[in-house]
Amino acid sequence: MANTNLYQSLSLIVPEIVLTIALLVLVTADLIFHKDKKSIPFVALAGILLTGYFTLIQIGNYGFAFQTSASAFKHYGMFASDPFSIFFKVIVIVSSLLIVFFSFSSDEIQKITDRIGEYYALIFGMILGMYFMISATDLILIYLSLELLSLSSYVLSGFTKLRDRDSEAALKYLLYGAVSSGLMLFGISLIYGLTGSTNLYIINSLIQSPDVNLFTLAFAVILIFAGIGYKISSAPFHFWTPDVYEGAPITITAFLSVASKAAGFALLIRFVKTTFVSYTDPNGMWQLINVFDWKTLLISISILTMTLGNFSALWQDNLKRMLAYSSIAHAGYILLGLVVFSDQGLKAIFIYFAVYMLMNLGAFLIVMLIANKIGSEEIDDYNGLGFTSPFLGVAFTIFLISLTGLPPTAGFIGKLYLFIALVDAKMIAVAVIALLNSVVSLYYYVRVLKHMYLTSPTKDTPAVSASLPNTILVSALVLATLVFGLYFSPVVDAAESSLFILGL
Amino acid sequence: MTFYDIIFYLFAAITLISALFVVSTRNIVYSAFYLLFTFFGVAGIYVLLGADFIAVVQIMVYVGGILILLLFGVMLTNKITNVEIRTGTVQLLPAAIGIGIFMGAVVAVMIWTEWKLEPAQIPLTTTKDIGHLLITDYVLIFELLGILLLIALIGAASIARRDQE
Amino acid sequence: MLQVGLTHFLIISAVLFSLGIYGIVTRKNAVMVLMGIELVLNAANINFVAFSKFGNFGLGGQVIALFVIVLAAAEAAIALAIVLNIYKTFSNVNVDEIDHLKE
Amino acid sequence: MSESLLINLSIIILFLPLLGFSIVVLLGKRFPKLYLLEVGILGIALLLSVALLLGKFTNYMTNDIVASFTWITMGNAPLVGSLNIELGIKIDNITAIMLVVVNLISFLVHVYSIEYMRGDKRYTRYFAYLGIFTFSMLGIVLTHNLLMMYIFWELVGVSSFLLIGFWFEKKSAADAAKKAFIVNRIGDIGMFIGILILFTHYKTFTFDLIFQQIADGNLPFGSDAWLTAAGILVFMGAVGKSAQFPLHVWLPDAMEGPTPVSALIHAATMVAAGVYLVVRIFVMLTADAMLVIAVVGAFTALVAATIALTQNDIKKVLAYSTVSQLGYMVMSLGVGAYAFAFFHLVTHAFFKACLFLGSGSVIHAMHHEQDIRNMGGLRKKMPITYYTFLVSTLAISGVPFFSGFLSKDGILAGTLAFGKLTGHWLIPLMAFTVAALTAFYMFRLVILTFHGKPKDHHKFEHAHESPFVMTAPLVLLAVLSIFIWYTPNPIAPDAGWFMKTWVKTPVQVTPLESRFNFMQPSREEAKVHGEVVHSVEYSEAIHWAHYPAMLLSLIVAGLGILIAFMFYQWKKLNADKLAVKLQLLYNFSLNKWYLDEAYDATAVHGTLGSSKMLAWFDNKIIDGIVNGSAWVTRFTSKLSGLFDTFVVDGLVNFSAFFSGFIGLSFKRLQTGKVQTYIVYVVFAVIFLLLFLKPF
Amino acid sequence: MSEFPILSLITFLPVLGMIIILFLPKEQPKTIKYLSIAITGLQVIMAFVLLANYNYGAAGINEENSFQFVEKFRWIHITGISWLGTVKVDYFLGIDGLSMPMILLTAIVSFIAALSSWTIDKSVKGYFALFLLLDTGMMGVFVALDFFLFYIFWELMLLPMYFLIGIWGGPRKEYAAIKFFIYTLFGSVFILLVMIGLYFSATETLADGSKVFTFNMLVMMNPANYNSDGILSAFNPNNLRFIAYIALFAGFAIKIPMFPFHTWLPDAHVEAPTPISVILAGVLLKMGTYGILRVSYPIFPDITRDLMWYIALFGMINIIYGALVALAQKDFKKLIAYSSVSHMGYVLLGMASLTTAGVNGAIFQMFNHGTITAMLFLIVGVVYDRTHTRGLNDFGGLAAQMPVYTGFVTVAFFAAIGLPSMSGFVSEALVFIGAFGVDSIRVLTMISTLGILLGAGYMLWTLQRVFFGPLNEKWASLNDLDKREYAMLIPLSVIIIFLGVYPSAMLDLMNTSVNSLVNFVSITLHSTTLSGF
């Protein structure tokens, strides 16, 4: 690698560098202020805001970083900074910001103030892992960033140690994750054997040659998919999700369900797009290299995922767990955006994620605020809450309706674009299945409403009121959910301009 | 059969047989020791593959680090008074069938695939070249790995330490 | 066949990989499960090193193997911490008994 | 009088009763005396309609006066052109006469009711109802089109419903009201479809425009079969309203209403509306349609007469008599004796109203005793009632010098002529039988009620003649049952002005080939519209039939009266013994041919049963698997086996069950054991590899 | 065209009211009630202002320039990098003869329902907030001309309705509410799918000559706007128009509700509080048929013509089936619910005829059924408020105790039976006239006339069971109507009778549009010979 290249490369990873520095500052601060840790969250907040700022100014500064010297494909590096990555990074950093806000008022997190420094450090570790996952174009970097994300999340999901279920969640997550990443690593090794490289672009050009062994390639891809599928919790690699989501602290559950999933999807999309797509035609349809039947795989996986998620959610009595299954179902919907293999589909994914972030985090926030008060996430404990806590009740209603995908909420726009993409690709049958699934999903979302509103409050039903900051936060999320439902041009514009993935 | 081959089969046997014991012995402490042999075997295979530096790292990190960690784990999670630290097994049959099929598939893949074979000169010692690679081509990963270790440190420490009560 | 080539190494890795998975899914003790994971990682490493030698891919494979080893160490550290934590709460580390979260 | 004045007059006549109704309904609570307003209004209406009659007859004897307006415009409809629905009024001689008849009887009934209904707790409401009825009836009379006919047709149905059910606290009254309305609706459906056929083809409801097109050879859907169908279907309306077999069952039950109502609606006016309808569409009836009408009429007359023989309720006897007489009129139209049918309509209106009011007087006097077996000897106590009743009885029995003789004789002659010309001799046979039976049962009624000795002495003691407001209408109506009002010659019905100048059989417009031969006028006659229209052949046949008919009718009527006297007055014959001897026939007659039972068993129970079944089907099967009942339904459907294939499970409920099932199976996968999850992963990898078949 | 955005105002006024209500303290239920009544009252006034300025000669349907009170703004307009990425959604409101009657209906029924909501005493604030939101949703459906907007309004009423039934409903309210919700959502997802399909099949040519996809319904109606390869384009030999039509129709049919999708209706009605039943029967059901006329017919004229017979068949089944099932009901509200099924069958039948008379009759029937059934539900509400039972056999002889009430009942019942001089008669007659004129569905029409008989059967039987016969002593102390009930029942009775006598008041409103619609559906593309008119 030439040194000239290094400076350019460094300029492309400024957000990551800022993030790393913030992490180090945080750790240092934690050591310095070990008596009074009140300031730590603000350090984290500052770090995230800074990172966000640098992420945003990265717009326009696109290119490959860290090109391999020995390669014949010199202009492809192992790190790509492109509009696509910026979009997902923004999703990640915004949700991180929200998670920090959540953490301010989460009872669970308040109980571990003495370890708050580690908590934020690990969150920063997660963010860093996600950032690299989003931009990585080299399988090894992918693997390591995934591991960085995973290791931090393992710890965080068992971080509070308040209940049995925390450590149980951590252990399950750890074992499941380790195996999945092990499988993935083995798959990567096979790809390495087939092509001699771990760089996605090089692999792409090599597998276009006819002599590649398809079976082995398929085997390797499936193994790698197992690793990614676990991250985005798509069936049948989702089994950890409900257990971990239920066990982990709410803030972490929320973070996992949005940011971690976004990173996973970014990874999957980049992996598929850069490795297996030969070119994009003028209509925005991606032409797959005929080596692996991604279409069949993804269609079946996404249908399975959403069906399984929705139908399992029907029976959940714990709201966190219900939301876990619902997030699995949403992963299924989002996968549909990839299934169409077009820019249109990608756009739908972008929009869906932006929207999903708002509504899902909103829902988790409310579950958290209520859990703070009543100490439970069981749906039966929500009886009559809609009357005693009107503000949170209404907000929760809007989030749930948005999750169902009904207008005039943003969730509808997400679904709309998804179906637009599907219909555009003439995949009507799939669209019908997805639509029917969203009807099923109505059952369990409305079930919450039923408990909140259709059951009259008793004397024991507590009145949950949000503090002023939380009120503002909830209102902001509600407002965004409604506004984007009625005026979605900004989201769509942003998605439209983020379509570009470096490479082909 | 050349000497190289004989050495290979020797290491292969050590690796696989001890690995088999690792996963089948009921005594955890025994398992840990069998794992030691497995790691040694793998290190030998690395040597055969001309990867001396990796072999050394394997022994140092795995045997010197990970294995010790695992042994600590065994000791800390079992009452020492119990001489025979045994562990049960679960779902042997489905696992055996599934893994059997799986192994068949993997082995078949390995055999039937026509890998890219190209005779090549591997330098006798690789340390310097690896070092060079680490700060050029793989510098990003290298640095990232550093952060990963830091995070792992923080994480492990924070989760394992006793709460101040 | 007897002439040792790439395939031989790969078969070793394949068998090691499968044994690792077997260990993961059958052993009750969490530490034992971790040992299985180490086997899986080792198997992948053998692949990387073997491929890089026989395919003349340069030293990339070895570097990757190096990374993986380091990573395995980090993972093991965290894993052990979590297992200790489990032991503190459940007083045992039998994976199949830690199933409070389900359905 | 100018045409527009006549039209305005008719409109005033039409809306006066409605005005009365509205005022009484809205203000009746506050001003209980408002019923007098209603009576006054009717009086005015009567005067105006007499004026209208005079105006019409003096200035426009042969002209029809028509006025119409567009009720609904539907613009320039695609493929059709301009599409409008017009309503309007047509005043011809028949209309003018009917107006007077309706208003007269209505007025008399109003007056009569002042006393009869006094003390009822819904006294003013009663008069309001009478007003709305009169309005509706006048609408039928005045209309110049089928739609308006249908509209008012339904409205009289409703007024009839309200009046029959006036004493709705009595379950029988409420039942009867409902029955009347629903049975009528059956006929109305047919009528409606008939109207639809005509409108669909001609794009108009107006009688004259339709007839004009038929006359021009433009048949509905191009075939005279459709014309026949349309005729019969419209006639179905008459079957319902005029209580023709098999829809006559409602009329006797309708006697649950107050007696003046029975007189007005269920004897004189509304039930005659059916006949009036057939009169209106007479010109478009084909031979087939006419035959059907004739047969229905004749059969109705016979059935009702046989039933009337054995009834013991004074009003029931009269009710069946009404049915029978209506059958007569319908039959008359069927055989082509158009003018006689209308004539009979008028005469019957008077004498039957008189009979009903008379019976009301009796019932009033006997404190609501209606069983004739408990009466007797009332002649002395209530002379006015008796004599008016007798006059009317003589009229209905067809005794010379009374109006009934004139009209009935004409009808009988018509049937005879019809039999001669077409060979359908059964119709005159039935007609004469009915004439005999009528004379018999009417005199049975008179004898049992007024002659002989009182059976219930207590009631008899308290009986007394009704007050003046009740007897005056009786007298007036009885007077109107005398021949002199219609013809100077008491034995030549068609010699009088009624038949000679007022009412003429119109020219048929149906295609020649689908008419009865004898309904084809000779060429010269056809030229002049509204003049004599029967063919020479038919006129001759009528002429031939005239004397035999008169003779025969006198004989059978006399016979009937004689036998009645033999049985009940002189007790020469024993009715009870005969009844025992003819047990079967007697019961058949007494139980009204078991028609009610038959309908109940088939139509009513069939409908209710199927509705219950459907409701069950809807609730259990269509709505299917609901929460707990899910399994029950499935179980039962399995048991019956029949429904299994029909289980059109409500989609939602089924899917709820289905999704629950899937959800549960998914739930079972989630064991909580992480190693199990890992096994799934391994299997998933293998499965996906096989599934994608990349080799 | 008026400069004043009156359509927006009439649509969003209730939302404004909702916001005000949300800021009112809940301790002042009276203020909230008065405010809601005032707002709905204002809506009625505005509806009549619309009526006063309505141009009877403008057709609408598929010509934008003959729509009235049009408001068209660019709402969402995204220019993509590629042609495909462009999205255009307009805020496009306008009315024609199809919507004007519905606007009147919505305004009137909402007002009456607001009056009838006076008795609500549980969570008054929430109730009226939801009520007004529902009002906006309904009104919006009838004024929207952009499919996207239409769909949003369509879905907007789901949630308020769910809560209104679910919170203020009867014993099985939860079940009924979710059933309603799921059923209608199930239907609307199909509408959504077809909407997207249409979006991709038709393009609008903008002023600058560029072509964009659009949700504008009027654009979708013009065959010339379709791409040759659009999946719902008639030019595409492999088009999915048939399937799309079925899906769309199913979506609307659930709302109507058409057999066999009707089972949500009885449950929803029985459990809903009176005002909500009134809204449900009065307005919501109309949205299904309105949707078919507004969307399915002009966008898919070819398929409509092909499926005429089947629509008529379902109309017939609705009429007969609904009436027969109603006959067996023992619950007053259920009976009326099933009678709604039967009456909506007439609408279907009339629409299926594709004739001026039939379609006029159908729309008129929609309006009439709205007012009549609203009145019927109010009537049930009156007696339910007093006795807390709805069992038909629990009553008897109420006519003697409550004569005025019975008078109104009689008016409503006879209107439901289709008695001449009441509005229901005219519409039913027009439906039959229209349907009978079409050869292919003549037999079905004849069978349907049985509905007249059965309708009389169940209505009169009910009248008899509840109001006639000896007075049930239990109810000897019932009061007759109070002033508020007069205020609800009198306007409806007046409307019913007025339109029965002078139907042109309503028919003239829609006439031009209906002719245009019939002309468009039956003649455009390839004309088939239809006998009748």
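Here are a few things to note about the model shown:
Going by the order they are written in, the chains are A, B, C, D and E; count residues from 1 in each one.
Keep in mind that, in the parts below, contacts are C-beta pairs under 8 Å (C-beta built on N, C-alpha and C of every residue); 3 or more make two chains touch, one makes a residue touch a chain.
Computed from a predicted model, the values in this text were never measured in an experiment.
In terms of the stated touch criterion, the partners common to subunit A and subunit D are B, C, E, listed by label.
Identification of common neighbours of subunit A and subunit E yields D.
With centres taken as mean CA coordinates, the chain nearest to the overall protein centre is E.
Ranking all chains by how far their C-alpha centres lie from the centre of subunit B, first place goes to D. Across all inter-chain contacts, the pair with the most C-beta pairs is B-C. A centroid comparison over C-alpha atoms places D as the chain most distant from subunit C.
Measuring from the averaged C-alpha position of subunit A to that of subunit C gives a distance of 27 Å.
The distance from the centre of subunit C to the centre of subunit E, each centre being the mean of the chain's C-alpha atoms, comes to 66 Å.
Here the CA centre of subunit B is 71 Å from the CA centre of subunit E.
With each centre defined as the average position of its C-alpha atoms, the distance from subunit C to subunit D rounds to 97 Å. Shown for subunit E are the residues that touch two or more other chains, namely 182, 186. Along subunit B, residues 90-91, 95, 98-99, 102, 105-106, 109, 115-116, 137-138, 141, 145, 148, 151-152, 155-157, 159 each make contact with two or more other chains.
The set of subunit C residues touching two or more other chains comprises 10, 13, 17, 20-21, 24-26, 30, 33-34, 45, 50-51, 55-56, 60, 67, 71, 74-75, 78, 81-83, 85, 95-96, 98, 100-103. Interfaces, counted as pairs of touching chains, are A-B, A-C, A-D, A-E, B-C, B-D, C-D, D-E. Those residues of subunit A lying in contact with subunit D across their complex are 171-172, 175-176, 179-180, 183, 214-215, 217-219, 222-223, 225-226, 230, 236-237, 239-240, 242-243, 292-293, 296-297, 300, 307-308, 310-315, 440, 443.
On the side of subunit C, the complex with subunit B involves touching residues 2-23, 25-32, 34-36, 38-39, 42, 45-46, 49-51, 53-56, 59-60, 62-63, 65-67, 69-78, 80-85, 87, 92-96.
Residues 21, 24-26, 33, 95-96, 98-103 of subunit C touch subunit D in their complex. Contacts from subunit B toward subunit C in the complex involve residues 1, 4-5, 8-9, 12, 15-16, 19-20, 22-23, 28, 31-32, 35, 38-39, 42, 45-46, 49-51, 53-54, 57-58, 61-62, 65-66, 69-70, 72-74, 76-77, 87-92, 95-96, 98-99, 102-103, 106-107, 109-111, 115-120, 122, 126, 129-130, 133-134, 137-138, 141-142, 145, 148-149, 151-153, 155-157, 159-160. Residues 1, 9, 13, 20, 23, 27, 65-66, 68-70, 78-79, 114-115, 118-119, 121-122, 125, 128, 132, 138, 140-141, 144-145, 147-148, 151-152, 154-155, 158-159, 161, 170, 190, 193-196, 211, 213, 215-216, 219 of subunit A touch subunit B in their complex.
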